[in-house]
């Protein structure tokens, strides 16, 4: 039910497979009369597209988008805005050997168990390529949020053992790992190239900060802002955890340390990460997510085939040594969609 | 929209305030002809009820439930099952001083900003007392899941600096902190009593393990099992993070370590925590959540009043030194509701 | 799925069986800070309650309501407002003979086929008694609409062969058939008493008019105001048709007759019944519904039992000779809920 | 919210404007492993497409569809199936004169009031052209229903004063008005040509009959099969009423006439139109809808412009003298989508 839709006041419905005809998204519930910046959409797609980042996959996709509906003379009309991105660089042959085998760390096995059929080319619908559609939706949502003074930035804070200690946001667009720490960015780049050389992959942590939010977003009891963001972010492949504010560190905190006290100018600290009782409190909303290492590695791994017989598999292809760096814009996109929906819930269109 | 409802094939709608007339839940979508064990429902409520745990609040509530609809001659009929729990032990006077002040760490400020009015007695709808309704729903869901061979157990693995190293589940019901480690349980009890003496509180970590799940639960793209569970669990107050399987440790893992390889008998490891691509894979589903220290502490803290003037507040009352131990059954309850809903999605009623 | 909930921005969830413990409704999404008139709620319930109308059933139910949540110091708080109405006058014995038989015209057979179990006492969940919960929700919604200048009135325009030709709304509350035509009202009363004497029942037509609506309510493409109202109204038992404006008469109309032309002061006619393209146009919204004769009649009818064997049944009890007159407030209630939800969609809370 | 989506277990989301780039639909929730007949989809589109019927508009659109996702090797995969139909024969110039004027009987005025902007070319999103997307979805749903033994047929029973008295279904595909009465079909054709000559239009009635349904479809309390079908059908432009079984005739019926009594072989009559208490009872499901005369007529009519000034308008273009005959397949399509969704609710995928 609704399984390919997300959101309430603003709802996105995505479709498309990695090696099918096209990916796409229908965005329903946008306010009318908003002048869209179409170049900004392409720019967002370019941040994630295969071939757009020298540290990512060596595949190349232009990821050109086409808007099919919902705008008139450059403005949103309040009708559903549909965007498609045609697939062009499909080497299905790369995947012939996986049609009968389950790749470890992928959704091949579970998808097979659930549906009894799957488009195995490139992982089909379970491919990370699906996030291109989310990016398109997010690119529109974030434009509208920006016009309301709300800005979203995500950035890599850890890759394997390399930790970014600084938060110099001017660095983020200057390096290929979206890291707010120049030195760490260099080390991360080296780590990625080492991984590529070793047919290995590595995980990481991405942090996201949203500023300019008014107090009052989030719909208790169940659609709390942190609950909805968790749903949105955890629905992205490869993410294994999410934490807000001090996150898992609260386990060792005392109440007197963890409570954010209040003064005339607002909260004196932000241990909560900008949310109390599931509602934004006016402070920056901050969360972090854990990204697992890319599952596709060209190393021999044990697996079984469709008949349940044991065998081994090497996942050949042009894979990302770390999916973490390409997930950064996807996290921003899903955050934008979630928060714009909550904005509409609270303030209407 | 739907903000007090959760679930699709199975949907719960909760209502009620901490010091209002009653708490309640409507459970819609249950299969028909299931014989309910009513005592088991009361037992679940007793695990969380104020006064039910010597390490918790010294308040006392009987938390007796009444079923208003949905059963006939002891069996579910497929119509909505409504349960109410009347509030009995309400000392609203304890809260008079907070009607004009925002308690740090609570939702008073954000609720005020959002709704412009709030039942401030005991936190009203944002009180942890609201979870009694979730427990009642969960108590029913878990009975039905158990009949399908699915079992859920949550337990405290950390409280402040005390870490449970063992996983001896037979210990969990034997101590007041629901800890699977006898020695750690004793230390946790001591820590809680120390906190109570110091008018302080402390956070912790709860782990949850679900066994007996078939491969195939979870509805991609957006209603992945881990995404939905994150939504459900993060909607519980005081929870600041959730992680599945190896969780945040994946940041430093290599792909060759993190991938769960497959053999004839199933997966050889369970780094993923029982979920691939958002669908259960037949292995135990495992996640952990971070619980913040109780916000209510009887210590002087800076805050503002409704007029925005600076002042201080001590939150007097009979508070839990650690909310962590009373959240354990709530985590089980929300997991049960989420998984039964996904079961119905996949297999029907 | 959501089957016992209705609405989006405003959502009602009802529960309860005819001869169960209680009926109830949870109203989610109400604006905060609205001062409720509680007496008005009871007044609405009294319009429909068994025993409240000398032309209806001779059963008697006080239909006293209790609010469990969602108000504080007399005002709505924006949290879910739950109302229950306990059942008191239950003569289950009246229904013993139907536990094994399917009453013609009732949902006994279909309910049995669908759920495999049913609370057969008084029809259980499929009883018209269920509408008491809808009335409670509608009583609140219409108060809020009235404060926005929107008023709803439904009235009987036909009962059997008796047609109300006048539209004198001052008459509606003065007679027991809610008829806007004094003479027709008398004839209808006579018809009903004749039906009662003959162990017979009769159908009718109810018209509903909503004034004060702004242009702009209704959410195309699928949640058009007339589509949503049709869903809401057709979900009431015993209703077999609905038409807006000129309704079925449009079949013989020409475009030049049927189009409502526009002048400075608004539309020159109202053939459309106040809706164009599924959006209110500022004219009175008008629709009519067909109500079937009460299915319960104390006459011998052919039927089968649970084993499929042929037999006959007389439905004894204290039944309404025409359900039509007791459906009038239910139609108003469902209209109120639907329109307030659409108001919130368009203008926010 | 969700305003461009319909359905629960099966959900369609449509997009597109009359003179935009394309129309489309995303169908979410289809069962997997169903082999689609692609030609049958085109055939359905051809029944409605402009130029496909000599009695309809003289515009011509090929309405060629493209499937973008959701199938693999000819079979459904359980992932969302997206279809687009590009617009090709757009004479926007035909509509220049309406950019500033509100056409009587159209949604121009209400759309303007609601959104403050509209794609006025051909009515934009409020155009009947939008139903092409519904037809594509319905073409798929009806294939799947047919495989389950369920068949849907709609047909014109009245056009202006011409009434079809026979129900000879073999005639339906043989005439251009989809009429089950040879003689009436000829008269209807004559009436339409007369209307065209007079720049006039005329309304009608379409009946729909669904056979092969099991007893048990429909989800009380609110998603009753007749309530959902009413929602679905009333969401189609130009429809002003719907009735089931005996419909409005129940107003004058007695209970003893209207109740469908039961025998061993099933119901002895079908006054109810195949539904009791909102659940299918195994008899043919029958409903009728009232279709208003085409609003676009090339006759002078009073209206106002965007500034509210009075003026007149003639709606030039190539309009259908009766939209009724082109609505027939749309009614079938929406019925198919609704019933397949309810099937999945009851029996799963």
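Observations, loosely collected:
Order of writing sets the labels: A, B, C and D. Residues in every chain begin at 1.
Methods note: a contact is a pair of C-beta atoms (placed from the backbone, for glycine too) under 8 Å apart; a residue touches a chain by one contact, two chains touch by 3 or more.
Owing to the predicted nature of the structure, the values given are computational and were not obtained by experimental measurement.
Looking at the partners of chain B and chain C together, the chains they share are A, D.
With contact taken as defined at the outset, chain A and chain D are each touched by B, C. Taking the mean of the C-alpha atoms as each chain's centre, chain B and chain D sit 47 Å apart. Mean C-alpha positions place chain A and chain B at a centre distance of 27 Å. Contact of a single residue of chain A with at least two other chains is seen at positions 1-5, 8-9, 14, 114, 125, 346.
Of all the residues in chain B, the ones that touch chain A in their complex are 1-6, 8-9, 14, 102, 104-107, 109-111, 113-114, 125-126, 130, 158-161, 195, 200-205, 214-216, 218-224, 226-228, 230-232, 234-235, 237, 240-264, 268, 272-273, 275-282, 290-297, 299, 301-304, 308-310, 345-346. Chain A meets chain D in the complex at residues 1-5, 8-9, 11, 13-17, 20-24, 26, 28-29, 32-33, 66-70, 72, 75, 77-82, 84, 114-119, 124-125. Looking at the complex, you find that chain A touches chain C at residues 1, 346-348.
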